[in-house]
Amino acid sequence: MRYVVLFIIMMLLWLAFTWNLQTPNLIVGGVASLLTAVLFGRSFLRNTVKFFQPQRYFWIIIYLFVFIWECLKANFDVAYRVLNPAMPIKPGIVKVKSTLKTDIGRTFLANSITMTPGTITVDVIEDDFYIHWIYVSSEDPKVYSRKILGRFEKYLKRIFE
Amino acid sequence: MQGMTIIVKKITQIMAPVIFLFGLYVIVHGHLSPGGGFAGGVILAAAFILQILSFGSILPSLRREEVWLELLESTAVMGFLVISGLGLLLASFRIFFLNFINRGTVGQLLSGGIIPLENIVVGAEVCAAITTIFIALTVYQDEVTQ
Amino acid sequence: MIVYILCFLLFLIGLYGVVVKRNLIKIIISLAIMEYSVNLFLIMVGYISAGQAPIINEEVSRTGPFVDPLPQAMILTAIVIGLATTSLLLAIAIRLYGKYGTFDIRKINHLKG
Amino acid sequence: MNSLVPLFVIVPLGSAFLMVIFGRLIKHLSKILVTMMLLFLLYLTFYFLYNVTEPQIYEVGGHAARNGVPIAIYLVIDGFSKLLLLIISLIGFLSALYALSYTRQYTAEPKFYILFSLLIAGMNGLVISGDIFNIFVFLEISSIAAYALVAFGIEREQLEASFKYQVLGGVASLIILLSIGFIYWQTGTLNMADISAQVAGTGVFFKFVAVLLITGFGLKAAIFPFHSWLPDAHSSAPSPISAMLSGVVIKAIGIYVILRLFFNMFAINYEISMTITVLGALSMIIGSLLAIGQWDIKRMLAYSSISQIGYVILGVGIGMLVLVRGGDIKIAALAITGGLFHLINHAVFKGLLFLGAGAVEYRTGTRDMRKLGGLNEVMPVTASSSLIASLSISGVPPFNGFFSKLIIIIAAVQAKYYFLALLAVIVSIITIGYFMKLQKYTFFNKNVNFPKIREVPFSMAFSQILLAVLCLGLSLLVIPDVQKIFLKPAVDALINSTAYARVILGY
């Protein structure tokens, strides 16, 4: 199953690279995708059934907009903190527990957190996220985990679980 | 060698095939666009090296892989020599590196005579060689630090 | 002209590093700097201002000025050779580290001459 | 267009990679293959020596020259190339024969032969290449194989010597590449014949390039101010490789290219010839002076290599000087003949000496002369062949070294360079001195430490005997009829320096 899914993805990517539909190109692309699938299928993602569930793609699009919006907000926030002469920053590392169960979901959560300005994922151990935060606004785990993770977590859960 | 965190591993799982495919693309289109055997081979090797780096490895398996890679590398070089030496045997001109296949039209995927074939064997050779170098250095490092 | 001189300067910087530095790895890096300077020089030898990339296909006309492709081929070969030498040097350096436990060239003096 | 020309590169390269592929399946494949390969190359060289008189030009890929501008990579076999090919295949074959038994002490035996084949491939390619960048590529192939072979035993001193060799060799390669870039910048071509047609004058720029080239190839050839890596590398390498390095490699990748470039590519001029001659004389003296104080056999031989290479360069340099000054062309021919004759002779006797030193080390485990002694009783073959080589290198008649030195000295006297002739005589006497020391301490004193060792295995002894016979046999080269086959074409190729471009470009 994994091999087939990988083959299909690779074939689509090949067509995107070359952008033509002539027979030689299709044959060469097929051979290349087959080689890739054979070599890397063993280490590819498990649970490839999820690729065939269309509602996940819908949530990905939703998530994109959410992410961009959060990113914008965080940008302005950080810009404010940097430009303000008083420098209202209060950096610190917080430990947050995530409710995501799959590794791929955690990876995307960590990357999303890192990509929003102001927060950086330092490490992920099991479901604990160690996050460096530019302004630690609260000492209460519940509050800050909602502030950092809450905005992404529910969508990622829909996408990956 | 130890592996890295879950983030790197997952990203590697997704990206390694993509990198590999891109390497193949660069090799196959070597006679049409910049790139070719060497550049593509390096990209191919990057996919393997990324996997070794992120998932970690143990010495015995590295040594086993080294044997196979050595074999692949030499086979590829032999392939190169055979392709270029065929010009000495087949054609009536008896010229080394003779481009004895029909060259086709410029810009097509299937054109250029023996050049795409040579690109492919060079790509395999470079991929095997660079991965071998990486593995050899890793093995030495492990031997030294133990 | 100034670019060529800068290139030669880079070469001399690499040479300085090879001669003066005491650390095996730094010597290897200096050699790499020398190699890059030579490659840079070669690529500038083939450069023609406002020249096109030397790929012939439908869009690019065959008449326009092309950048000289021969130095580029030379550089590719030189890069491959540099890869081989650098990796061999690194392998020897690691082996030396295993024997002596240091990268300092002053402590690696088994041979006298 | 002779389709046999590229075989000089294809055969060793192909056999090297065949060894890797099938070496695990068939035991001793590498040994069989390397011997077969070198025998074939030897046969091919003799074929070219006897049957082919005209320079052979081969355009790789069959791209013929357009409007007199060469496009393809040219492979050229002329007289000078043939001489070097002969040395490479001959000494290579005998060293490989010797190595068959010698390499039993290493665990990774097949890898030795793989690297050996690559070394041969690189040097063959270098010698037949007519394109200056191709020379660089093949130079690097053989150099990398040589670096790896020096470090083959992965003991402390071998690694250290290899690192030193690699750093200096790397600097040399980059200097060479830089000067190739300069040449391409000015002439817009890489073909040596084409360059020589375009470099008509001797501007300041080309003098600068010439100095860079002398530095680069001088480093590779270990001429005097650049010799510091040679004693380490040549003494630390496995003995068959020492024989190859001293006997062949420094000549093929150093001397050959210098001579080829300055005779056939650049027009000879006075300053460059003077520089080359002076460097040759200096390395002749300093190498021999440094050799006296050595107690390590192979180290002494390595310093002696510097000195003997000095002889070669001196001979050829005198020839260049005579040519530049417009002197008698016969004297120039005599001097160059002497230099090239010494080139062959040095390959033979220095190879034999290194093989002998290797045999001593193989049985006793030491190279220190103070610990050795009286080995002529227990190792008669090694002792007698080494004695022959020592007599030959110090210029005792009727061995070959005498005749080549004599020719060089006669040429120097005829060209009125009396001082250089005197120097050559003095260095020859010093050479006798340190080789007497070597013989006395190693083979003639009382045998204290090693009374019970045996003679070396058959293949090692056999190749030594063959080389000892060659030491005597090469004296025949003084006879003009024999010279006509081996030396005359090479000397002609060098003396008619501008003919090279004319023949290759075909006008």
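Letters are used for the chains, namely A, B, C and D, taken in the order the chains are written, and counting of residues starts over at 1 for each.
Assume a contact is a pair of C-beta atoms (placed from the backbone, for glycine too) under 8 Å apart; a residue touches a chain by one contact, two chains touch by 3 or more.
Note that the coordinates shown come from a computational prediction; the quantities given were computed from them, not determined experimentally.
Enquirer: Which of the two pairs, B-D or B-C, is linked by more C-beta contacts?
Expert: By the number of C-beta pairs in contact, the winner is B-D.
Enquirer: Average the C-alpha coordinates of each chain, average all protein C-alpha coordinates together, and give the chain whose average is closest to the overall one.
Expert: That would be C.
Enquirer: Express in whole angstrom the distance between the two chain centres, defined as the mean CA positions of subunit B and subunit D.
Expert: That pair's centroid distance is 36 Å.
Enquirer: Centre to centre, by mean C-alpha position, how many angstrom separate subunit B and subunit C?
Expert: That gives a centre separation of 22 Å.
Enquirer: Taking the mean of the CA coordinates per chain, how far is subunit A from subunit C in Å?
Expert: 39
Enquirer: If you average the CA atoms of subunit A and of subunit B, how many Å lie between those two points?
Expert: 31
Enquirer: Given which chains touch which, is the overall layout a line, a ring, a star, complete, or other?
Expert: Per interface graph, the chains form some other shape.
Enquirer: Which part of subunit B faces subunit D closely enough to touch in the complex?
Expert: Residues 67, 70-71, 73-75, 77-78, 81, 85, 87-88, 93-99.
Enquirer: State the interface residues of subunit B toward subunit A in the complex, per the touch definition above.
Expert: 5-7, 9-11, 13-14, 16-18, 20-22, 24-25, 28-29, 47, 51, 55, 108-110
Enquirer: Mind pulling up the subunit D residues that touch subunit C in the complex?
Expert: Within the complex, subunit D touches subunit C at residues 133, 137, 140, 144, 147-148, 151, 154, 156-157, 159-164, 166-167, 170-171, 173-174, 177-178, 180-181, 184-185, 190, 228, 231-232, 236, 299.
Enquirer: Which residues, counting only subunit C, touch subunit D once they are in their complex?
Expert: Going through subunit C, the ones touching subunit D are 11, 14-15, 18, 24, 27, 31, 34-35, 38, 41-42, 45, 70-71, 74, 77-78, 81, 84-85, 88-89, 92-93, 95-96, 99-100, 108, 110-111, 113.
Enquirer: Give every residue of subunit D touching subunit B within the complex, in rising order.
Expert: Those in contact with subunit B are residues 3, 6, 10, 13-14, 17-18, 20-21, 24, 58-62.
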